[in-house]
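What follows is one structure encoded as structure tokens, with my remarks underneath.
Per-chain numbering from 1; labels A, B, C, D, E and F assigned in written order.
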Amino acid sequence: MDPIVLFFILGVLAGIARSDLRLPASIYEFLSIVLLLAIGLKGGVELSKQSPGTLLPQILCVLMLGITLPLIAFPILRYAGRLKRPDAASVAAHYGSVSVATYAVAVAYLAAQEIPFEEYMPLFVVVLEVPAILVGIILARGITRGTPWGALAHEVLLGKSVVLLTGGLLIGWVAGPEGVEPIGNLFFGLFKGVLALFLLEMGLITASQMGDLRRYGLFLAVFAIMFPMLSACIGAGIAWFLGLSQGGTFMLATLAASASYIAVPSAMRMALPEANPSLSLTASLGITFPFNVMLGIPLYDALSRMLQAGG
Amino acid sequence: MDPIVLFFILGVLAGIARSDLRLPASIYEFLSIVLLLAIGLKGGVELSKQSPGTLLPQILCVLMLGITLPLIAFPILRYAGRLKRPDAASVAAHYGSVSVATYAVAVAYLAAQEIPFEEYMPLFVVVLEVPAILVGIILARGITRGTPWGALAHEVLLGKSVVLLTGGLLIGWVAGPEGVEPIGNLFFGLFKGVLALFLLEMGLITASQMGDLRRYGLFLAVFAIMFPMLSACIGAGIAWFLGLSQGGTFMLATLAASASYIAVPSAMRMALPEANPSLSLTASLGITFPFNVMLGIPLYDALSRMLQAGG
Amino acid sequence: MDPIVLFFILGVLAGIARSDLRLPASIYEFLSIVLLLAIGLKGGVELSKQSPGTLLPQILCVLMLGITLPLIAFPILRYAGRLKRPDAASVAAHYGSVSVATYAVAVAYLAAQEIPFEEYMPLFVVVLEVPAILVGIILARGITRGTPWGALAHEVLLGKSVVLLTGGLLIGWVAGPEGVEPIGNLFFGLFKGVLALFLLEMGLITASQMGDLRRYGLFLAVFAIMFPMLSACIGAGIAWFLGLSQGGTFMLATLAASASYIAVPSAMRMALPEANPSLSLTASLGITFPFNVMLGIPLYDALSRMLQAGG
Amino acid sequence: MLSESRKLITIVSESALEARLTKDIEALGAHGYTIVDARGKGHRGVRNADWQQAGNIRIEVVCDDATASAIAAHLKQHYYENYAMILYTSDVNVLRPEKF
Amino acid sequence: MLSESRKLITIVSESALEARLTKDIEALGAHGYTIVDARGKGHRGVRNADWQQAGNIRIEVVCDDATASAIAAHLKQHYYENYAMILYTSDVNVLRPEKF
Amino acid sequence: MLSESRKLITIVSESALEARLTKDIEALGAHGYTIVDARGKGHRGVRNADWQQAGNIRIEVVCDDATASAIAAHLKQHYYENYAMILYTSDVNVLRPEKF
């Protein structure tokens, strides 16, 4: 098992055992900034080698993926799960969007096995982050009623994760491979170490979310495991349709399967304050994230191999 | 002189001169987390190469060391030093346990001279951390009276330093040398730099502890220098008995000579609140730590060479 | 364009767009501590190779530079700019002193082009930091009136930046090239990455300072661009007179052109509290710093080449 | 010297609301505010500041009676239903009444 | 609107006691608490929060009179002798009295 | 038990003044103080604690009336003109009056 996953497990166990271990909030923030920039930079460097002609259709398909996923999740949550309308919409938005931490673990997973993939994929992370939020709000409210769209757009598009990913992409794109080389020791050389520390804290946070699990019953737990697997299939299907490599298919499957726990919660708190934030976080952080990191990723890897072999 | 010791001296001087230099508390915390994990990981990787047959007798001897040291310290403190019973017990517990920072400086010291040692030694750090706490409490209270043993065990065994050291050991042990390689840039490549920054802050903290020195009189100062030298001899003796290498003898001597300033103070605050915490910290942080870092380590090196030559 | 400058621009744009991106204050502090130590260490290592005979005249000339610059700035600010006496004196002190961040960007600039320079130059940073503060206070008050010189000397000479630079210089000087090698991964290997993150936050801070720009009118903006160019010429002239290399000439020009935003504001707040701190910061952080980082540095490079070619 | 009395209104709520709350407070006529980061527990459970979504802020505003009432009414109407929030007021004496 | 009065009890003590104090406060009937990290000086010397052992926390609890008295009595009995701690109470008006 | 009354004086000012203010407060007879880091806005603009120069501290002192007045008078005279600062007092009941 990848040692970074062991760090996550250490965090979960320490959290469950109520250890006083904690990464200071400012350090968690710092590590996440470094990860977001590193992912953006790496993607940007690769981006400079792509032609817009290849990218545009891919971007459009990924955008469709981000719109479709919450539209599938919503009726399941609302009718099978009997969640209130805003809660169903909010959870749907979380699962339509992505988790950068899961993406980072997937990157490390491929690196450990030396499997190549379309390295400009961070672009898709940005593209997937936003649309599910809009879909979620419209699902809860319709288009007409008084959503503060301006303030919301500001919150989402200028939120930390979008700015750092996009900023990193642009800097990497402008600077190119030689340009980023002198800052590579920090952003690339330390990537896995930083990710390990980050996952340690994620484990601690996950453990504290797990406490609420009982409150929300079995349906949520089942949804939080089954829906990502469905999403992964859809994501892998689109990747196959786009002709991505096996590594790329795996990445898009994992992205689809991941659920947001940063950008979407903030946006929902603002746009759908009547939705229960703890419900969504328990699902995405307390179940889906650990599931993906520990079991999902090998599954999606197998899935992408099957598709590649079959195709 | 090793530059990391110079960082410590810089911190002490800046502190004494009342400079406004400070590492933020969250950074101090972060650096200590990295050091503890790094030490644990390194030890764990080596552990995977050892057989339980060699380790078990060593662990038992080291355990005895951790029980014996406070039992020797207590009567000295109580009768020669005329400390109150809980104070004597608390100081004894500090000196029976270990300081991970001192261990780290010793590791760097050997690395600079390219002297090998039994690299699974972090195991002994964990083994030495706990027993002196129990001995200290029993010395103060006896076994019968109302110590909250359950809460205390939780506090000690799930305290930050035990969790990180043990977690690091286990991760290193499971992952093995190739497994930890991708996170090596952070945990091993930066080790000495992180240690340098950590020691800078330790110097500042030490300087602030030195202020209280005058309050507690000469006996404490003498004890805080002489007792570590005695402990070092006992530690070195045990190492010699176990047939450890010269490097290993030096390490065990240094571990024995070091005094806790993290785990034990926390535990004593909980289990022996009537003991004066500032008394123990002044001794262990204000005197013993700088003594060990600047003078003790070369002394214990000489000691281990003598033993090795003699044996 | 150097990617570290792109990080700065990213910060400025994110700040202007009111993104919620922020580096935690403790991280900003940490990064600045690492940069100051790294700069000091590097300088100290080189210092050990110099003879006092070469250094002393250079130090004296640089000292003169630090005294002269505020004496030139003051009448401009007071009579052309019609600032109140304490404000004129305070701004003059800012521009007589230096900005370590600007120095770091200049170092990275030369490194990217592989241009050598007198690497003991951090010594000049320290030498330039202090005198302008004294000159500023005397310009505002004369020598006689009740300045708390003792407290002030303490504040300045034991301030974070002087202690870390001087400490780094001394450690580097004592430890020498091999001594600092084991801590080189952190202090030298990560230098540009740390600088990039630091400049990201500097950009955010700069953007927040720019808001006050309108308040202070055109004169201040013009001064904050023109005066550094004048200072750069004077600095370059002195470097030429001292026979420094082209790289060294560029560095001294940049140092002269830079304006303090750490040590001097603190000192002025203490010694000249009636001076408006926001006025000086708007000039030095809101205008001069971005100007130097984005446009000034290439200009001063051209200037130093001309001088070198001409001389 | 400290004879002039004012209201001190203290609000504890979610960190995420900082920008909106300070805007509202200023719009309702307060001349300033002071914020510290906090953690805590209440009807909406533990908010332990482990990471950004989970922290509180504690806002203090010194103002006159009318402004205090206006702030309390506004927050009750707009935030109480959906956000973690408590609010209380007390009497304080100030040094420079013209500032508040 | 803010006519209902309650007690505000403020405790400053050692960070190390956080878990125990909050447990006690809840057990004694308080419905919530707010904590901020602090530093300070008192009879037991400077506690400057340089590192973990040396920091304070400042806990605030809004509650009724009886709970406030119970908390004060409990803390006095169990912590005052051996720990750095101060405690004071004041009167506040609250918006939703049913919460406290 | 909490019958003894004292003054609580709260000061919000620039972080840079911490050392000087605590020295003054002790010199004027207070037996202790508690400090938390803060940010805020007032007549001298936003102080958002983004970096060292731009942060506030919030100091609390529990003391008798005379000391509170002395502190208020001293700060008014020495700092109000040139530094960002507010100050207010209120009445609190304390547990161990001999401490303050």
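Simple rule for what comes next: contacts are C-beta pairs under 8 Å (C-beta built on N, C-alpha and C of every residue); 3 or more make two chains touch, one makes a residue touch a chain.
Keep in mind that this is a model prediction, so the values were computed, not measured.
Peer 1: State the smallest step count from chain C to chain F, taking one step as a move to a touching chain.
Peer 2: Contact-graph shortest path, chain C to chain F, evaluates to 1.
Peer 1: Taking only the C-alpha atoms, how many degrees of rotation bring chain D onto chain E, rounded to the nearest 5?
Peer 2: The two chains, chain D and chain E, differ by a rotation of 120 degrees.
Peer 1: Considering only mean CA positions as chain centres, point out the chain farthest from chain B.
Peer 2: Result for the farthest chain: D.
Peer 1: Any idea how many Å lie between the Cα centroids of chain C and chain E?
Peer 2: Averaging C-alpha atoms per chain gives centres 46 Å apart.
Peer 1: Using Cα averages as centroids, what's the distance between chain D and chain F in whole Å?
Peer 2: 19
Peer 1: How big is the gap, in whole Å, between where the Cα atoms of chain B centre and where those of chain E centre?
Peer 2: One centre to the other, that is 35 Å.
Peer 1: Please work out the Cα centroid separation of chain B and chain F, and write it as a whole number of Å.
Peer 2: 40
Peer 1: Which chain D residues reach two or more other chains?
Peer 2: 36-37, 90
Peer 1: What are the residue numbers in chain A that touch two or more other chains?
Peer 2: 24-27, 29, 189-190 - these are the residues of chain A that touch more than one other chain.
Peer 1: Show me, using the given definition of touch, all chain pairs that touch one another.
Peer 2: A-B, A-C, A-D, B-C, B-E, C-F, D-E, D-F, E-F
Peer 1: Looking at the complex, which residues from chain F come into contact with chain E?
Peer 2: Contacts found on chain F: 1-2, 6, 8, 22, 26, 31-37, 62, 90-96, 99.
Peer 1: In the complex, go through chain E and note every residue touching chain B.
Peer 2: 14, 16, 45, 48-53, 55, 81-83
Peer 1: Write out the stretch or stretches of chain B touching chain A in their complex.
Peer 2: Residue positions touching the partner: 24-27, 29-30, 33-34, 37, 154-155, 158-160, 163-164, 167, 170-171, 174-175, 179-180, 182-187, 189-190.
Peer 1: Using the touch definition from the top, list the residues of chain B that touch chain E in their complex.
Peer 2: These residues of chain B touch chain E: 22, 25, 28-29, 201, 204-205, 208, 262, 265-266, 269-270, 273-274, 277-278, 281.
Peer 1: Inside the complex, what are the residues of chain F that reach chain D?
Peer 2: Spelled out, the residues of chain F in touch with chain D are 10, 12, 36-43, 56, 58, 68-69, 72-73, 75-76, 80, 86-90.
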